[in-house]
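First subunit A sits with subunit B, and in the next complex the same chain sits with subunit C.
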Partner chain A sequence: MKRSPREITGWSAAIAIVVIASLIPIVWIISLSFKDPSTIADGSFLPTKWTWTNYSGIFKQSLFTDALRNSIGIALIATLISVVLACFAAYAIARLDFPGKRLILVFALAIAMFPPISIVGPLYNMWRNIGLYDTWPGLIIPYMTFALPLAIFTLSAFFREIPWELEQAAQVDGATPFQAFFKVIAPLAAPGVFTTAILVFLFCWNDFVFAVSLTSTSKAETVPAAIASFPGASQFTAPIGSIAAAAVVVTIPIIVIVLLFQRRIVAGLTAGAVKG
Partner chain B sequence: MADITLEHITKRYGDGYEAVKDLNLEIADGEFMILVGPSGCGKSTALRMVAGLEDISDGQLKIGGELVNDRAPKDRDIAMVFQNYALYPHMTVRENMGFALKLAKTPQAEIDRKVNEVAQVLDLEQHLERKPANLSGGQRQRVAMGRAIVRDPKAFLMDEPLSNLDAKLRVQMRTEISRLQQQLGTTMIYVTHDQTEALTLGDRIAVMRSGVLQQVGSPGELYANPTNLFVAGFVGSPSMNFLPGELADGVVKLPIGDVRLSDEARQDLEGGGGPAKGRQVIAGMRPEHFEDSGLVHDPPSGVKFPVTIDVLESMGSEYYAYFNVESGRVASQELDELAQDSGVGEIPHAGSRTQVVARLDAASTVKQGEPGELWYDSSRLQLFDPESGRSLLTHSKVD
Partner chain C sequence: MSATAATNQPVTPAPSRKRHLTERARAERRLGWSLVAPAGIVMIAVSIYPIVYAFVLSLQRADLRFPAANKFIGLDNYKTVLTSPLWWQDVWHTVVLTVIPVSLELVIGMALALIMHRVIFGRGPVRAIALIPYGIVTVVAAYSWRYAWEADSGWIPHLLGLKSDPLTSTFRSYLAIIVSEVWKTTPFMALLLLGGLALVPDELHEAAKVDGATAWQRFWRITIPLMKPAILVALLFRTLDAFRIFDTVYIFNQGAHGTETVSILAYNQLLNRLNLGLGSAVSVLIFLMVALIAFLFIKGFGAAAAPGGGER
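Then we have the complex of A and B:
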């Protein structure tokens, strides 16, 4: 189908507007992060006086570096455990017929939709009583509560797309069930697993509610929570420059990951396996 | 290399559907067995049970004399071509074809040699390093085929392996398969929809209908002695014409005239019991047993009858002549079912007129829309019971 030049112009304009609208806040925060503290409130879109001090500043504060360490550690561990467990669950859901299969998916979806804020209060009390308050597991566990259903849901959607006849073909070719899984199914499931892992990682990485309520010190505080408690240079200056720099620093890994794996995610790896 | 025996094999799927019912089939060592039947009759299911990909609900499956019902596919040593190919999308064509050999820990040099050899046979040499996603349907199907024939298994199972190839390639591959199977002497079960493949490739053909085996026999037997209407209509192309008839004294009264029964036919009818006279039958007449009466000199047996040809199709070496005869409806469940399976040719439909196809020699002088005279070789007449669909004859001539 060919589009008319008018249509193309129209679409291009619409896309440009959306892209610009969503990019402005990002550019703005990057711009803020390069502004000298004295010009931070000057209202100009681009910095009038460029500086790296905001960046060097935050990396000198243990508040930020500890938080960065906590963020990375907690998000990675939560992602790893959720994805591994979700793989097993999703495999069973995609492959086996058992009573209550739909119910599991419905529950998973319901839990993933649950507002996190509603369990923060009880968790706060419980964690303090059993000693999980302000620890890594204290965050990893609630993250998994939400990440697991999300992962199960997305992974089972991916697993359903895999042509399972390939497993049979492998078995006829003389493969043991393990060989069939690792040599044929696993490579095909990889893009789905990566995608799920990224989604789960993003969820853990971005969380603010749990981090700010269930941690209090650099022992377990993650970056989003730490940014909120950044001190200004003096009691009377707002730490806007540092906050902007920290925000940029925590956004970069996400962008890098997505760009890195984007092609693997998008590529339809199962194309050509079966007829039609 | 091994014989395969299916004893009372039944398959019930999870939803209670019986896809294969009490299937008994003995396939000798090195035999080329063809499985045919309309879509959904359970051919793939039967094949997949032999491969070990479907549980056998009932009955015994023996490969090489050993009971293998509960044996995993990998321990049955069979190679299979899947109906939907099931190629490994993340591997190249070369890796796809070499996968089984690699699993069997064959030395790499040996794998390469075999894969190259098979690629040459299948005309896939220039595609060895490509991925299945980038191949055409026919190329993919050949890769699926290659993946099976690089191996040296006890048996090959092929589920419509040539269905997606163009006519020329199909003929070429058909000869290749035939040559290969004879050379290796490996037992083969081959599912197909194609009449020519079935009749030319197989040592024997098994015809299935709704999960029930109808008849097993050599192509000649099935062609000459179909046990029932279904097999009669299914084997042969264009398919057999069916006309309602009535038995009378030594003749069958047909819409085209009275056809004299051969002595054998008369014996069969008498041996079968029942009142011969006045009995309603369905007569089966193959298109190739008609001829332009002008070309038949001093006919051994047969009837001549006048017709008006409605449509005359030239096939180059022969004509297909279509004409209508006044007749009652040929009612039979089996024929209705055949008609539904669009893969098979014309079946007479309800109404007072029945269309008949005749295959005439290219030298014929009949003209479309003009009256002419045709001849039918009455020694080839088939007779069926309208109720049961069963053949009333037991020993017709085998070509």
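Then we have the complex of A and C:
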């Protein structure tokens, strides 16, 4: 099909608008992070004087490096546990027949709609009483709760699409049940599981409400909460440069994930939502 | 989709399974329950139990600064909240910060979904770049926009030649917060709409084209009606999500300049004033409002799903 020049111009303009609108805030925060402290308030979009000091500064502060460690650790563990538990549940929902399975989906949907702030108060009180306040598990547990519905929905949508007959076919061909599962089904299920893991990780990495309410020190504070409490170099300077640099550091993994796995993220979110 | 779901149903003997459970069916049930149980238990333990506990707390005078004064006071906390003008102001702020961003997101998200769906070149990169805001941490997005608007550091006042600090006026604070929210969440809206767009068969468009329908007519008469379920799902998700807005407002000004939302109010009561009773009453009210919104939407689904949209 031939495209008219008018069509090509139109599409180029549309694409340009999307790209510029999506990237301006990213370019801006990167630009801020490279601005020399003396020029940080000059209001120019790009740095006039470049510097690495904001980055070297935050990596010298344990406030930031601890938070980074907490963010990575907590998000990874919460993702791992939720995806494993969700795999069990989604397998059962997609493949087995048992009463109450619709109920599980409805219940998961209800949880997904829960306003997190509603349970922050009770969790705060409970965690203080049982010693989970300001600890890794204290954040991992609520993250799992909110990640599980997302994971169960996405995974059961993926699992429904798997041709499970292949498992029996492989067994007919002489494979053991174990082989049939790991050689035939696991490779088919892996992309869905991986996609779900990405979505869940993004969710945990993004959280602010729980992090700011249920942690208080570098023991468990994650980067979003730590950034919001960055102290300035002196009491009169806002720590704009440090905040910008820290923001860029937590954003880099996200951009890499999105660029590499764009197709999976699209597939995962549309699979989970449309049939819901 | 419903067809594939049906064929993938397990291969248990279908007839008369209700009355006479075979050994195998019973084993299958047990396996099903035990596989679902761990996830189900975690979800119940960390959501149902706390919301019940929040309700219990909301009936008490529970102030961590005065633990000795704890006692059961019935619905007094609710009376205090519901008669306070602050609460109603915050509800209004939250409604504004829900309705305006979600409406904008629906329109922009639809445009973005159409672009992502039909783009004739560079589809992969365009989709990837459009998705970046979805992945960005909300706090980071909020900081970027806040510093963009701030009088002494920002490029926006610089560009527009504004003299005063834009973020000290209520109107401009709202504008800034709304821009930030819309930027961050439009891609999510667009993705949900994209899923619906993929279900619209091309042949219908071709047929309408042959009959002389313009692109505009085809959009309103074919695309929109067929996408109705997807639009409602997207609106539901985004409305509930927008209603609990917290991160962006917290980062911008912690609710100053008339931007305090109900979530910020609950946070302040619970964690700054340590008034668990009053804060829990606010939390329970937020929960009830969210449940009401969800209920209204789901009633709407029933109406919308009736003509042809009833997939499940």
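Rule of thumb we're sticking to: the second predicted complex is superposed on the first by the 250 of 276 C-alpha atoms of A that agree within 3 Å, B and C clash if a C-alpha of one lies under 4 Å from a C-alpha of the other, contacts with A are read in each partner's own complex, and residues count from 1 in each chain.
FYI, a contact is a pair of C-beta atoms (placed from the backbone, for glycine too) under 8 Å apart; a residue touches a chain by one contact, two chains touch by 3 or more.
Because the structure is predicted, anything quoted here is derived from the model rather than measured.
Q: For A:97, select first, second, both or neither according to whether it touches subunit B, subunit C, the two together, or no partner.
A: both
Q: Please name the chain, subunit B or subunit C, that touches the greater number of residues in subunit A.
A: Of subunit B and subunit C, more residues of subunit A lie in contact with C.
Q: Which partner chains sit in contact with A:227 here, subunit B, subunit C, both or neither? Use first/second/both/neither.
A: In the superposition, A:227 contacts subunit C only.
Q: For subunit A, which residues belong to both interfaces, subunit B and subunit C?
A: 97, 269-271, 273-276
Q: Contact residues on subunit B for subunit A in the complex?
A: By the definition above, subunit B touches subunit A via 14, 51-53, 72-74, 77-80, 82-90, 99-100, 103-104, 131-135, 137, 140, 147, 151, 164.
Q: Spell out the residues on subunit A that touch subunit C in their complex, using ranges where they run on.
A: Going by the criterion above, the answer is residues 3, 7-8, 11, 14-15, 18-19, 21-23, 25-26, 28-29, 32, 40-41, 43-45, 85-86, 88-89, 91-101, 104, 107-108, 110-111, 113-126, 141-142, 144-145, 148-149, 152, 160-162, 164, 202, 205-206, 208-209, 212-213, 223-224, 227-228, 240, 243-244, 247, 250-251, 254-255, 257-259, 262-263, 265-266, 269-271, 273-276.
Q: Tell me, which parts of subunit C touch subunit A in their complex?
A: The contact residues of subunit C facing subunit A are 1, 4-5, 8-10, 12, 25, 28-29, 31-33, 35-36, 38-40, 42-43, 45-47, 49-51, 53-54, 57, 112, 115, 119-122, 124, 126-141, 143-145, 147-148, 152-155, 157-159, 183, 187-188, 191-192, 194-196, 198-199, 230, 233-234, 237, 240, 243-244, 246-247, 250-251, 263, 266-267, 270-271, 276, 279-280, 283-284, 286-287, 290-291, 294, 311-312.
Q: Can you check the complex and tell me which residues of subunit A touch subunit B?
A: My answer: residues 97, 163, 165-166, 168-176, 179, 183-184, 187-188, 268-276.
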